Every structure is written in structure tokens, then in C-alpha cells.
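Below, each structure is written out as C-alpha cells.
Both complexes shown next keep chain A, but they swap its partner, so chain B is in the first and chain C is in the second.
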Partner chain A sequence: MNRSGRGTTWRRIATGALGIVLLCAAWELYKLLGPADGVVVGGLTILPRTSDLAMPHLWTMAERVLEPVTGASNAVPMWEAVLQASLFTLGISAVGWLVGVSVGLALALLMQRFRLAEQAVLPWVILSQTVPLIAIAPLVRRWGAQIHFGEFTWENWMSVAMIASYLAFFPVSVGALRGLSSPDAAHVDLMRCYSVGWWKTLWRLRLPASVGYLLPALRLAAASAVIGAVVAEVSIGLRGGIGRLIVEYAGAAGGDPGKPWAPIFGSVLVGLVAAGFVGLIGLFLRRFRRGEVPA
Partner chain B sequence: MKHSTRWLGTVGALATASALVLTGCSSGGGGGGSDESGDGAGDLTPVTLQLQWVAQAQFAGYYAAVDQGYYEEEGLDVTIEEGGPDIVPQDVLASGDVDFAISWVPKVLGSIEQGANITDVAQIFERSATTQISFKDKNITKPADLAGTNVGSWGYGNEWELFAGMQKEGVKLEDISLVQQAFDMTGFLSGDIDAAQAMTYNEYAQVLETVNPETGELYQPEDLNVIDWNDAGTAMLQDAIWANADKLESDADYAETTVKFIKASIKGWIYAAENPQEAADIVTAAGSTLGQSHQLWMTNEVNKLIWPSTNGVGLIDEAAWASTVDIALNTKNETGATIITADPPETAYSNEYVQKALDELTEEGVDIMGTDYAPVDVTLKEGGN
Partner chain C sequence: MRSQSTESESSATDAAALRATDAAGPRATDAAADDAVKNATSSGATDGHRAVDVQGVSRVFSGRKGASVTALDDVSLTVAPGEFVSLIGPSGCGKSTLLRLIADLDEPTAGQIQVFGKTARQARIDQAYGIAFQQAGLLPWRTVSGNIDLPLELHRVNKAARKARAAELLELVGLSDFAAHYPDQLSGGMQQRVAIARSLAESPSLLLMDEPFGALDEMTRERMQNELVRICGETGAAVVFVTHSIPEAVFLADRVVVMSPRPGRIRDILSVKLGDTGERGENLREEESFFHAVSQVRELLHGESPNSESPNSESPNGVRGVETR
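== the complex of A and B ==
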């Protein structure tokens, strides 16, 4: 990497850090200067109260993260518990993301190959996102519980992964379809002149051309998978994940205001790692990135 | 050629990365998923119990029965399935995924009317733990005082004792402003809710674990007024053991298992009454992240709902059942609906199995009334720790 490249990297890191510092400053400033009862417009609270209950000091949250989860002698520090839960949720999100991306890509290929399939499937793909799947997470868990074949039994975490994948597949199928259809007609015609088959056209022309569309779609899918996993964990109370911690720590909001914030930071962390992972994929594919198109 | 090999390399690298992530997860999933199943050895009958919430001392008796081997003594290998915000235990039971479930009677009555064929086989909690609490200066000491105030409720079947109590004293739903209450008590503490719903074993303690900004000390019971629905006469039956009515009818083994399960569960609750600290520790060891003093408080308060028992622990009191059904039939919520529109079927409860369990326990010389029961004094610490 040359000097200017390193310079931009540092600038980007600095900008990112500055963003976090600004956010922290905004939190503490509002807490210091904002109205004690929050901003209420027409009976609707627009901005929260500034009390220690509603908005604990950042250092309260930070201190709490360093303390043990409970007063029990064998209790692990909060950061360790949250980190463990984050890893668990990250794993489930990753499974959901992989399944979602595979299904999304397969659908996109099918729709690109057969015009009829596009007409038949695309409306359903869009319709699929109107099903509040998160709300029926317990149902998914119960359907899953009926599945047994041979040594395989459906575990609850698989239901959560399934919901994550259901949210993740949508941006990928739509983004990949747009990407696969993006090459100029002239290029497609050229392939045809060379009498190149569909598969080879896909490999040489369509897939490379789709990267610019695919990467933002993958990033969106990663974010969706994390959200889907956390919300589904909350819904069915799956032990081990961030969602479960959010449920369990919620009750402490009065007596221990820093506690409920710890798993929230955990889920932010999971989201960052997931986005970073997709960034890594982008690094591998940078040869093909000729300008990204928002999904 | 050069291009395609690089392209292949990328795919390969991605596949490796994915495989790594996948293997990482499968081990995590295995570690977190399995619960309290015992050794699973020998001829033990596998039994699953669905709770209505995550592990906490509200279910101390069942966790104690697992830990102390009471289920195993009866030949049962019990797995406890935790609940969650959207898990409906009676539905899980009715669909045949578990053998027994813990749930509140009023919540299940609605499910039974919609076709869930399940039976209350043991009424573990004799008394209701639901209260409506308010700060002293609000002067809300009886349901009639709720008129004109902001009243909190969790909804989803937790509101009926409150509504019945108001209806009894002539307070209409239009007279109050009903506030949806969250899982925490911040709405109450910050003054958005005048009278908040609180379980004696949980939310009430959450308030007492919070520092009163005026004194710098924790809130004290003297700071609060409590409307107890047991005293107001609109208490409804809460935690009960539910079993599948069809299987009780058709499967003699299941009926026998039911008796054994109730018997061992009662022994678990007796253990919790006699050893509250140990029982609280068992629940914490089972994965609850509640603070220590909060866990002990919950164990102690739950014990008070069971002990001393009026008729023998777990026996369904017919008058209490009738009162619960009556409230379920005649109390209207904000949409004008009632829990049920007709009397529940006869299969909705049965004392047959708990009676057998109690007879066996009495024969073994176990005190099923808990006449000597005395609660312990629990000092709550800040944040429940």
C-alpha cells in the first residue's frame, strides 16, 4: 500500500473514532443541559428524560461492564458474559446469513436464467418480507421441534438462525438479480457472438458485473441477520445469546441502571463484526468493485 | 485463465472462512442449548416441563427437585424448558411438544376455550402474587382510588385481577388511563405510572432495590401503598401444573407419570420452603442471572404463596377455582371482551392426580400442609445483588 493509501485509512479510522466521541458528547451534553422531563410534543415523548434512570452516565455503564454480573462468588465479569453471548449470537447470525445468502443467490440465478421464474418468484420474494416472522418466532420453534430424522434433532438455536436467514435472503436475492442483469446489452451480445453458453457468460460476465450490487446487499443482509437473531432470541428467550441477556437484565433498570445497557453494547459489537466480515469479502473481491450501487 | 484462478481463490477463501464460522457456532449452540437433563441413564422416563419464563426462583421447587434428585427417585428424567416473552406454555403443551407446563389459570382458561385440551392437575400457588403498588403520596390504598390515575399493566392476560378489582368497586376503564408497562419499573419510578403492576416476588423487590434520590437510601416498604388482590377479593389462581387431558384419558402410563411428577415437584417445593437460600442458589446455578438478594427474596415470596397450605399443597380449592372462572366470565377488558364466554369443560381441572401424590407423601410421613412454615427475612441490596 502506498503512502496516500495509508493516509486515507488513518483518516477513515480517525473519522470513525470522531463519530463515536461526538455521539458520547451528545449523550452527556443532552443529559446535562436537556429538560429534566424530556421533550414532550402533544403527549408524545420525542426526547427522553435526563434522569440517571432513563439515561445513565456513560461512566456508569462503563463501570458496570467491569463489575461481576451478580454478587455471587463465582460470577464472571459483565464484559465476559456479554462477550460470550455476543459470540453465540454472532455464530447464529453467521449461520443465518450463510443460509440466507445461499438461498438469495440461488433465487437470483433462477430468476435471471428464466424470465418466467422472475415473474413468478419476485412478487413472492417481496411479499415474503411483509410476514412478521419475528412475531411468530415461537411458532417456528414449535414447527422445528417436530423435526426429527435419524440422529438429527432440531435445536432452538436453529429456529433463531432460520429467522435470521429469512431476513437476510431478501436483499441478496434482489441485489444479486439486479447485479446479474446489469451487464450492457453490447457485452451480452458479444458473448453471444462468441457462441458462449449461459454458464460461461455467468462466470465471465454476469457474476463479476454483479459484485458492485452484491456487496451492499451482503452488508444489508449481515445487519438484517444480526437484528433477526437478537429479536428472535428475545422472543423465545433462547439461552446463551444477547437477546436473552436483554430480557434478563431489563428488570435491573431501576436498581442497577448500567446493567441493561451492557447487552445493547454487545449487540452493537456483533453488528460491527458482521459488517467487518462483509468488508473482508469486499477486500477479496476488490478487483471487481467498479463503483457500488446501493441495494 | 489468470482471472478465473483468482476468482476461484476468492471463493475458496470465503468457503474456508464460512466453515470456520459454522464450526464455531455449532459448538456454541450445543453448549447453550441443553439444559438440566440428568444422566439419562437406566430406565428413567423422559419428561419435559415448559416454564412460563426464564429460569428464576419463581420455579425454585422444580429446579430443586431436579437438583435434589426427587424426580429421579420417582423414575423420571426431567428436562426443564425455559420460556420467553412470546412463549405460551399452554400452547406448547397442547401441541404435544412437552409433557407438562406451568401457567396461570386465567391465561389457560382462554386457551382451553379456543380448543386446547389441557388439565390443571396441581395448583402449586394457592395465593396470587399480583399487586398494584403506588407511592404513599398518591394515596391509592384501594381499587376505588385508581380512578383518575395512570394505571400500569403488562397486559397479555396479566390485567384481569386489576380490572376485576376496579369493576368490583365501580371504577370503569374509562375512569383510568391505562399505561402499557414494560419489564422494568422505570415507568413507575419516573412517575409516568401512578399505580404499577408488581409481583410481590419480582417487581416489588425491584423498587426496593432502587435508591430513593430524596434520601440517598433504598426505597422502603413504608414508602409504598400496596393493593393486594387477595385482600381485594379478586385474586385469580396463578402458577399451576398443566397436563395433556387427552393423554391423561387414554394413556395410563402418562397418568401415572403425572402423579409421580406432582409428587416430586411438591417435594421440591418443600425443600425450597425449608432451605430458601440453597434453593435460590440452585436456581442461580441453573443459569439465572438475577442478583443474589433478589433471588432469595423471590424464593421467599414464592414460598409465601404456597405455604402454609390450606388443604394440602397443590390441591385445587373449588371455591378459588369458581371465583377465578367467575372473574374470567364477567370481567371486561378495554375492548369489552371477557377471557371466556362459557363455563370451562370439566376436564379443565382435576384433583385426582394431586390427591394420589399427597396420599403417597402423607404415607411417607411428609408434612403436606407446611404448618410450621415461617418465611425468612431477606435484606435486599442495591440492584438486587
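== the complex of A and C ==
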């Protein structure tokens, strides 16, 4: 059983790597064989031009990452700048994720406990996700700027984290609500027979039963938090993060086609680290993910 | 010196105890002790109360648009301590509803239910009964022994006592080798045995079972029935057992309660008592009396009129829901 388990793990890693290799090959192959002006159907470009400007070689991108950011003598290497920005964004995303997960769980508990709360809150939870981020970012920033308690002043990065959490709480609240309501009627009856209260039932039955629903929700929340942070950095105009870098370097695309790709890879890295962290949580909770064979 | 003297003292008392036993005769004392144990387990906690006392209970489920379904209509039933009672009837006769009412998982629309002289609610709070459902309902993230000691853990029994009790119960249901397994590693029959062990965890004087073997294949089912008879003999608990298998009801029970649907009523109560609990074995299934009881129950179930004349039935007048025992 162990051996086959390890075998499938290796196969999964190999399949994943193969996917990346195929993507790279497709990129280079199209660049090599595709028409110089791209594929145009009825005046609409459906595949890009294959010039070095529009589609730089993979190795151009890789080389560019190792070179300094600018021609200035004190410029740091590109990878260092991108890594720094990635860490900055990762930190903000993590704060947003934590806040979002806490709020999402709290809402799910409230909705599970009180039916009325479910009817009152759930539509708003769903509606909240239809508001475009671009619209709320300036609002959050303006409201935040008015917050002062003593030593504490609201900073722009907090607005970004706030918006990241705004995206992150949604999957958690919906997933956790489903998970908390997932125990069989027989299990709930059993807890009633043992005459234990709501909190004990929550701790011994509902929370463990919700793990299977919660983990995908947490992963989705992590991805949403990263996207939220990147987009919010841009719309709030916060410096230091990967979102800002993406906008900044995009301007250099004309003369330096490899440059805009570096922060894009950076943001992919942030997303991977976030997803990997949730995977780690899942590893610790794997006892709660055993499927029950119905009797 | 000192230790020697205490040792001789203790051996002297032992000798005295032995003499006393001799005087009374070892066999007599053993039998007396056995009786004492039996009383303690089967009725000691009950103080002469009936295990279950259902009086004129009705349960009406109100549906949408004012349509209501009468699941139970004026049902009365008593179960003596240590007695095994089967509830049998077609779907919709309210047998599971009756069990849920006794367990206080639901409340009657009318009538009264007492369990060991207490209200059903108080009995539930006092953990007067153990319960098992058709689905084993084990928590998949707990091991077999973890599932068995769940009620003990919830009621703050200390760890050593929990461990000892779980080991004892695993022994009782013959799963000692599977203590560390998870439910998904067990067959359906084994899962159900774990569920039964769990229902016995707090040594209840009453077991409520809702078709616990309903999802098992026939072979496993018969083996589980044999085991249940043995377990009940060892624990001395009263049992209310819901089933829709006639042989199962007859084999297990002291009395079979035959119910009829729409509205759910008790059609008749048949005393079978084919042998003392613990003495009933595999060969009982081959005996004439067994087949006789099975056909009696079958006639009662299929009889259109509740007044159908069944020769050995306890209520030849067909007074519904009334025991004439």
C-alpha cells in the first residue's frame, strides 16, 4: 500500500512537470512556426504576433531575471527586486487570508447556529462578491485614512490586506457552512442522545466533519487573497508589492521585452507558496479526511 | 518484624473468610452472588420501575398546507427491566417514530412516556439508555476504540477508565484486534458491532435499537443476532428493537409488538419467549416453536382486521395497544 502510494506521488509530480514542459514547448513552437503578424481572423487577432517584442524567448525571460533591474550602477539584480516584492505581497496576502478565514468561519458558525442568520446573511455574502474590486478599493482607502486611535494609524497596506480578505472570506464562509451542516442526521441524533450542547457538538462532530469541505475553501481563499492583494496594490497605488511591479515593468516592454515577465513569475510564485501552505495544513488534518464506508 | 506481623494478620483474616465460605457452602454463595449481580444490572437502578412506560402516545406530523400525518395513534406499551421487546410492522407504521419518542429525539403530540420512572427527557439527560441506528454512524476520523469511548469522553470519564472500558467492550463484541483500525477499514458487520459496543459504553439498563442489522447480509445478520442475544444475556439490559424482519423479531425477543400503518397503531403483542436469553442458540432457528411463532407474527402482520383471531395471541379480543399479560 505504501509503495503504490509513493508510486502515485511520483507519477503526479512527473505529470505536473510534464505539463509545464509542454506549455514551454508550445510557446517556443508557436514562436518558431507561427506567422509573424499573428493569426488574424476577420480583422481580429486571435493569436499574438511572434516577434521577439510580443513573445520573447523563454531564455530571454530567464536571462533578464538574472540581470540588474536598470542600467544604473547601483541597481539590484532583477530576481532580488522581484523576490522582495513577492515577499511583501505574500505578507499582505497572508494577513488578508487570516482575516478573511476568521471572518468566513465566524459567519459560517453564525449561519449554522441560527437559521434566521443564514437566511439574512447568505444573500449578502453572495452579493458581496459581485461588487468589482476596482470600485471598493478607493472607498476602503478613504475610510481607512480616517481611522486614528491614539498611536494607531491606518496604513495603505492595511487597505490592501482588507481587500484581499474581502475576496478570501467568501469561499470560506460558503464552504464552512456546507461542511458544518454535513454530518449525518444519525450523528446529530447521537450527540443529542449524549445530551451534549452545541459547542461540544461543534468541536467533536461539526468541525471535524467540515474539514473535507474546508480545505478546498481555504485553498481557494489563498488564491483569492493573492489576487486581491495584487489588484488592490495597483488600484490603491501601494508601492513595494508585486502588483505595482507588474504595472511599472509593463511600461518597459517596448525596449526590454523580458522585463514584464519577471514580476508575473513572481506573482505565480506567491500563489504557489500560498497554495502549498494550505496543502501543508491539509497534511496535518488528514486524519479527518477518511471517507466513511456506509454500513 | 513489622511487615511479618501484618502479613500474619492478613492471612488470619483470609482464613476466617475462607471458613465462613466453607460454612455456607461455596456453591450457595456463588449462586447468591450471581443473583445479586443480576439484580444490580437488570433492575437495581430501576427501583421497581418499568424500563419503558408508554401511555396513550400519539405523534402527528403536520405537513405543508395543513395536511398532517398521524404517525402514531394512541399507543401504549410497557417494557419490563431486562426484557427484550421487538417492534415490527410495515413501513410507515411508526415503529421508528416510537423508538425516537422513547429516546427523546422527538416529542409526542399527546400521551406520556416514562423511562425508568423518569420523563423521557430526563432519562436522556441521565444517559439511561444506549442507542444504535441502522447506519453504524461511526465517526470516520476516530479509531474503533476512539468511537467506542466517545460517549465516555463527552461525559468526562478519565482516560484510564475509558481505555479499560473500551478494551472490555471490544472483547465483548470480539473486535479486540481492531482497536486501532479506522471505520473505513472494517466491514459493515464489524462497524455495526462497534456501534453496539458504543451503545453499551455507559452500561445502560436500556438499549434502543433501530434496525441495527437492516443493512447487513443474511449470514452476517444471523451471526449478529446470536451475538446480540449473548450480549444481552451478559449485560441484563432491557432492549427495544425495531425491525422489519419477522424471524429476527421472533428469534431475539421475549415479546413481539406487531404494528399496523396509517395511522400507526399496535395491532397485537405476541409473547414468544422461546428460551432464556443466553440459552438461545443457532439451533433454535430449526425448532418447531420458532416456525410457529414466525407464522403467527406473519398472520398478524398480514391480517386485514386488527381483530383477526390468532389462536395464541395475547389479546384475542383485539383490544388495540392493550397488554393482557
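Observations, loosely collected:
One rule holds in what follows: the second predicted complex is superposed on the first by the 277 of 295 C-alpha atoms of A that agree within 3 Å, B and C clash if a C-alpha of one lies under 4 Å from a C-alpha of the other, contacts with A are read in each partner's own complex, and residues count from 1 in each chain.
Methods note: a contact is a pair of C-beta atoms (placed from the backbone, for glycine too) under 8 Å apart; a residue touches a chain by one contact, two chains touch by 3 or more.
Here the structure is a predicted model, which means the values were calculated and not measured.
Contact with chain C, but none with chain B, is seen for A:K200 once the two complexes are overlaid on the shared chain. By the touch criterion defined above, A:F88 reaches chain B but does not reach chain C.
Contact with both chain B and chain C is seen for A:R287 once the two complexes are overlaid on the shared chain. By the touch criterion stated above, A:E63 is placed in contact with neither chain B nor chain C. After overlaying the two complexes on the shared chain, residue contacts for A:A250 are found with chain B alone; chain C is out of touch. Within the superposed three-chain arrangement, the count of touched residues of chain A is higher for B, of the candidates chain B and chain C.
In the superposition on chain A, contact is made by A:L190 with chain C only, not with chain B. On chain A, the surface touched by chain B in one complex and the surface touched by chain C in the other have residues 208, 287 in common.
Those residues of chain A that touch chain B in the complex are listed here as 49, 51, 53-54, 69-72, 81, 87-88, 91-92, 94-95, 98, 135, 137-138, 141-142, 145-146, 155-158, 203, 208, 234-241, 244-245, 247-256, 259-260, 277, 280-281, 284-285, 287. If you check the complex, the residues on chain B that touch chain A are 4, 6-7, 10, 13-14, 17-18, 21-22, 24-26, 28-29, 31-33, 35, 53-54, 82-88, 91-92, 95, 97, 182-186, 189-190, 202-203, 206-207, 209-211, 284, 287-293, 381-385. On the chain C side of its complex with chain A, the touching residues are 103, 105, 124-125, 127, 129, 131, 133-141, 150-151, 154-155, 182-184, 186, 188, 191-192, 195, 215-216. By the touch criterion given at the top, residues 184, 186-187, 189-190, 192-196, 200, 204-205, 208, 211, 287-295 of chain A touch chain C in their complex.
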